[in-house]
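Take a look at the structures listed below.
One chain, chain A, links the two complexes that follow: it is found with chain B in the first and with chain C in the second.
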Partner chain A sequence: MAIVLLLVNLLAAFLASSATAEIFRYSTTGDILGLDPHTNNEGTTNAMKMNIYEGLLHRAWDLSLHPALATQWQQVEPTRWRFNLRQGVKFHNGNTFDADDVLVSFDRIRSSQSDMSYAVGTVSSINKIDAYTIELVTTVPDPTLLLALPAFLIMDQQWLEQNEAMQPVRGTMAGNFANTHANGTGPFRLVERQADTRTVLEPNADWWGEPRHNITKAIFQPIANDATRVAALLTGEMDLIYPVPLQDIDRINRTDHVRTLEGPELRTIFLGFDQWRDESLDMPGSGRNPFKDVRVRRAVYHAIDEQAIARVVMRGAARPAGLMIAPGINGYPGEPMDQRLPYDPAMAKRLLAEAGYPDGFPVTFDCPTDRYVKDEAICTAIVSMLQRVGIRVIPNFQTKTLYFDKISIKGGNRTSFFLLGWTPNTFDVFNTLQNVMTMHPEGHGIFNCGRYSNPEVEQLTVQIQRETDPQKRDALVREAFRIHQEDVGHIPLHQQYLAWGMADTVAEIKQRPFNDVDLRYVVMRSGTAAAAQTSSGGDRKP
Partner chain B sequence: MANARTRIAGGTRTRFSAHLGRRLVRGCADQLIDSPATVVALLLAFGFCTMAVFAPWLAPHDTSDVGTLDLMQALRPPVWLEGGDWAYLLGTDDQGRDMLSGIIFGARTSLLVSGVAVLLATLLGTAVGLFCGWVGGRPDAVLMRIAEVQLSFPAILIVLLIDGLGRTAVSTDLHNVAAVPVLIIAIALSNWVQIARTVRGSSMAEKNKEYVQAARVLGIHPAAILLRHILPNIFAPVLVIATLGIAGAILTEATLSFLGVGVPPTQPSLGTLIRFGNNFLISGEWWMTVFPGLALVLLALSVNIVGDWLRDVLNPKLS
Partner chain C sequence: MLAFVAQRIAQTGLVMLTVAFVAFAMFHFIGDPINNMVSQDATAEQREQVRRHLGLDDPFPLQFAYFISNAVHGDFGVSYRLSLPVGALIAERLPATLELVFVAASIALLVGMPLGVYTGLYRRGVVSRLLLGLTLVGISLPTFLTGLILILIFSLWLGWLPSFGRGEVVDLGIWSTGFLTASGRRALVLPSITLALFQLALITRLVRAGMLEVLGSDYIRFARARGLPNRLVLFGHALKNTLVPVMTNVGLQIGALIAFAIITETVFQWPGMGLLFLQAIRFADIPVMAAYLMLTALLFGVINLAVDLLYGAIDPRVRGESSHHKGS
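Showing the complex of A and B:
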């Protein structure tokens, strides 16, 4: 009897799975850097973690804020916020979520090895009122508190204690437990993870919300090579790839069963310089660091032909930028300020000579090869542009895991000159000022890898954080960006456009204005996943 | 063989060179009649070498200096297609690098890396082989077991392993400077075994021959016997293996550069060029990968055929 029952069950399970198996396979250039929700603040990695973990609030694909682990909130005083927590929520391991988990996660995200402390930047303490009510106390009245909170992901206290994972460990691909395992409350749970190979998620059947997606399994596989990634889409091996190499957009749109989804991205790609060391890493014994001289930084700016990069390397799929944030970010100072210094190699040479480097100087240029759209080609183009004005640039191309460890705090910011991209996670200007453009106070400058630090900008940043009057705040932002532009603290290059390639197996996907996939919004065409498997050879154009 | 037996101290080397020279000339003449393919291959190999040596003067653009790259000229098709330019016969890549010049400089890098690597491998392999053949016993057993273990791994794995270790040994800041030497050493270390085993076998056979015994009786130092008497007599197969090894090394270097762990992208070798072009393969800009690929095939093929020809010519059983 038992055997018959078992067989019937198996058969039912088989039928159910074959009828509705919506397996979503997707790929991007590089693997996620780990699963620990409190380290590795990087786009692709964050998106994956947010499939598994949740914060008090959730930011939807259109950037609107929605209740997640908190059901409602209220600013009881300018510096005190009360949150009611969702009841009956379970972590993937079955543990119940309550206020203690929030408190533990708060301590963890503020610890010294965390990369995500900006998410609770102004929060000085969290008080437990009862098991499902908490109060956040901020140091100053913070008008942007809610914008940052979706990145404050909540972990399970018991799970952390059992697995001795209370402390996050900084670094890409760190081998600590919380970076290789996951246990959140989110709509997806981790089934399998092989670093650099595949990460498999399945829907969390006990999720509190109403799923919008219809997938039964999501498989994420990084494919670094452009042509291979496109081929994987064309042959039906992948349902979605991003980014589509710019040279292949036409080709994909000309093919029947695949299409591209394009849109603006809020990421700004920029160059940074070491402005902190007294002696450049590449000029040992000289006692000099050319990048401490604003004339040298300005010379580099004049030497770069961003129009050419945007037109040729990016094939027009980029918007040249003069500011460190994109239009669309809250606090954007406006078009008139968004101007680049003109391309003028003669001026660059003159400035270098004035600064005492008529024959240029050597410098290593740190560049990732699998992070941003065309990163390697952009860097190669910049190397040749700078070479022409006499700066002897030695490019150091590395995959993002090595690259981030070298230029970030983890590696002691061991870089003189680097290419980086930044999307403010909060979609507010303060996030960029805090993480990229200032060093102080504590918790600032996590990705200010060249340690640009101007006391005026830092003073303004503190004011911007507190200012509640939007007009006054915008004025402060403009002033901070004006000073940063004058200092040439960084050289903004462009905002890249998003280009995703999708197979017909995907019915709908909501593209957020940053380059990664939130699985909550993936809707597969019913029954096509299985059909595509069998007919992928037939409906292809030659 | 009778010739070798009568050789004694002193005159061996000159006679050997004269002998080898005669065999080469005679073989060359025979082959000219027998196989035009060999002649073509010889010419090609010679052409590639000339191109590599005189690259700075032959190439229309100096692609070894990235400062000369012009983005405005990027993605030009070859001259016979619409949009082509006579200044860029084979088109340009996405950085405006002239493909023809890129291939000329790329062949230079490829030949330099593989040539030096095989030279190192030959030196090491010959030294180990002679030593093992002469000394025998335990040192021979130990070294040959090491060689056999290495032989059981594919060469590319060995190179990747050594290259990886080499890279971790030098600090990240020196990667670009150290990339080429590390690559050369890695390829050399993956190639020494075949040469060592051949030399060992041959020298074991030679050391019991009368001319060696005669040299010993005369009290000549073993090192001198090895270098001046045995080595010249066993050098022909080494030459053949080394030449064929160059073809293999060219492909190994190309494979590594294709994988992105070879020479730095600012001094592209043929493999690097293929890697760059590969991203554009299905988007219509085929020239970026087809031409370097063709160059690589021709280079490896011609060196291989030359190696085969050397083997035939130098094989005493055939001549």
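Showing the complex of A and C:
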């Protein structure tokens, strides 16, 4: 009798555990680069860090800003912001969060080896008023201070001191503790990590917030090979994979227990031209650089059939763009301005003839093969479109490492014509203007590889950085983009779509417009995880 | 004998030095690792700082000298991608690769040899011809395709085996093994078959060719004439004499198995050295690439030495020759 009772109890316990065990397994192409919240500014890595760590503010899936470790904030003076910190918050190791942790994290994120200093770009100092009140002082009045702040993740002062990890360290063993261990205040805590194999998180039971998710464990396992990753989704070994190769989207949607989730990303893919050399790299001895003539740039624009690229090359998974930033970025000038010049090869030929190139000209087209969705195929399409109007394009396909070497400032911007993509990681228009669309003042133009430089746009950019009135600022942005469009400083192509593959075990997931998963927004279908486990027979812990 | 071994070890050292030099020279053409390491909007100054910190602004001979002197002390630097010591990374991945190669080589030998003997004996049989046809497929199919086909059949359609990963591993101090858990053994099946297929086909054909040749030789006819039982003739005399070329091949191919494992490991996301190497290439992770290439050179050297020594064990003539020849 006692044995029967025991069995019944065991069975009940088993059923109870299998009903509540919502294990979420997900995969992407590569592993995270490490756990240190202040180094490795890379998409998947950042998302993982933000599952574990929190900033003063949280950026929700729809890009809206919400209180996190700060409960309230106020701009007391143009250059001074006061933040009230959340009380009663504990780090995963049990230590209490307070203002000192913010101060230490601020020093850390600004140190020479940090990759994340952009999150506190204009902040010159942080003063402690009391244990739960701080003041941020900025060098200039910064209207976009809050936008980047969610990436300023807060670490535990005591933990850093104990483990000698006060500075982020790149490439050496000493003091690398924070890159292999984690201790945040976030909704998930690190349970296990094997580089390149698996990273396991469990919910933080003491989290201050109300969880939206219902998962009890999250297992992240990178799978580099596209076909294998798709197979792992179809066999039920994975609940979510990203990205889904474009050619597999139809197949996944035709399969019963899986589906895809698609939406535009914030990255804009565009073309750029050498506009600074007096003689084109591809026309030595001629003394001419066709791309210095706006008519030639305009001709290239008219010659490109972006609708065809979006439809055929991208299989519909792209949103044609007329602006250098995507909707959703702060300062986006609006749909009416987001229009492309029409596809008109006849006009292109006419413009080329007017500019003095009736028979076209030779040009090398620099293109990466492993950076953007279908980058190589997009370039191949553009090559033939431009050849149709007489421009003799020779594509130069290279892996991203070599490609960036060639076109970057350090490599002397050795390019005449290139394809590039940009996401402003501050979520603000200024970032794109600063890095891609201007050369001055000093420090601008890090990826303005063709050195487009219009003093008017540069003047406006400086004003945009400082203008605190949103309406005035938006007007300045519109003016800067209008001039850039008239100049054809670059040719925007499209925003590529995200394509995620999801099993029916996932009831709902909020997709942010960038390619990574915030576990806060994962809702599993109750009880299905256990069923999937037995049928898949995959390599999971019971 | 001792002199021979010492000479070979010295040769291996020289080969490794050459490999390191060539590898290092090549790294200058794979691009700048800094781009992968810093934030997209890092300033030129920040990039320069990282470069200095990593010693990448030193002249080539100096970089190479540092690398060699550190490597001699067992320090291969720190991975640019994962910020973990390369030595520890490789020590962590080596068991996965070696277990995979061990199982694959075992499959190739244990299946390939009997198949070779069988097809050698019944060379006109329908089964033999079918088997030979299949080995041709095994030789001509590229590894990644074999892997994907196996995943399609056994993971996707039948749902019997996992499509990726190594399953649960048991940590035995310096060695993590997948042999001790059910999921670890199941995870081994598809990758090891994928990796073994080419070798299996090769061994089958080698043994078959050897058997055909030996079976027609005088001493076999003589053995039969003496009335020795068929089994003794085949396995005691014929097979033993076909083993020398098979040994050479298997020995060299174990090196190739480790090299081929790159593709198999990528298809199955097998957390071994091959996968590590491939990801290092994508990231321009120079320390990992350099260490991997040197380790591969070392493995080839050791395997060749072992094969040379084993020759002697199987064929006394080689022993006499080599010690006489090389020892002088």
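Heads up, the rule we're going with is that the second predicted complex is superposed on the first by the 303 of 542 C-alpha atoms of A that agree within 3 Å, B and C clash if a C-alpha of one lies under 4 Å from a C-alpha of the other, contacts with A are read in each partner's own complex, and residues count from 1 in each chain.
FYI, a contact is a pair of C-beta atoms (placed from the backbone, for glycine too) under 8 Å apart; a residue touches a chain by one contact, two chains touch by 3 or more.
Small disclaimer: the values here were computed from a predicted structure and weren't measured.
Looking at the superposed arrangement, the partner reaching more residues of chain A, out of chain B and chain C, is C. By the document's definition of touching, neither partner reaches A:Gln463: not chain B, not chain C.
Contacts of A:Asn179 after superposition: chain C is touched, whereas chain B is not reached. Judged by the touch definition given at the top, the superposed model places A:Ser384 against chain B, while chain C stays out of reach. Contact with chain C, but none with chain B, is seen for A:Leu33 once the two complexes are overlaid on the shared chain.
By the document's definition of touching, neither partner reaches A:Thr96: not chain B, not chain C. After overlaying the two complexes on the shared chain, residue contacts for A:Asn163 are found with neither chain B nor chain C.
In the superposition on chain A, contact of A:Thr79 is made with neither chain B nor chain C. Of the two partner chains, chain C is the only one touched by A:Met116; chain B is not. Legend: residue contacts after superposition of the two complexes on their common chain; A:Leu402 is shown touching both chain B and chain C. Residues 225, 227, 231, 234, 402 of chain A lie at the contact with chain B in one complex and at the contact with chain C in the other. Within the complex formed with chain C, the residues of chain A that make contact are 30-31, 33-34, 39, 41, 112-113, 115-116, 118, 169-173, 176, 179-180, 194-197, 221-225, 227-229, 231-232, 234-235, 237, 370, 399-405, 408-410, 422, 425, 431, 434-435, 443, 446-447, 535-541.
On the side of chain C, the complex with chain A involves touching residues 30-33, 35-44, 46-47, 49-50, 53-54, 78, 80-85, 89, 92, 148, 151-152, 155-156, 159-168, 183-184, 186-187, 266-269, 271, 275-276, 278-279, 282-284.
Touching chain B in their complex are the following residues of chain A: 225-227, 230-231, 234, 245, 247-248, 250-251, 281-282, 305, 308-309, 312-313, 364, 369, 376-377, 380-381, 383-384, 387-388, 394-398, 402, 406, 414. For chain B in complex with chain A, the touching residues are 65-69, 71-72, 74-75, 94-96, 172-173, 175-177, 260, 264-266, 278-285.
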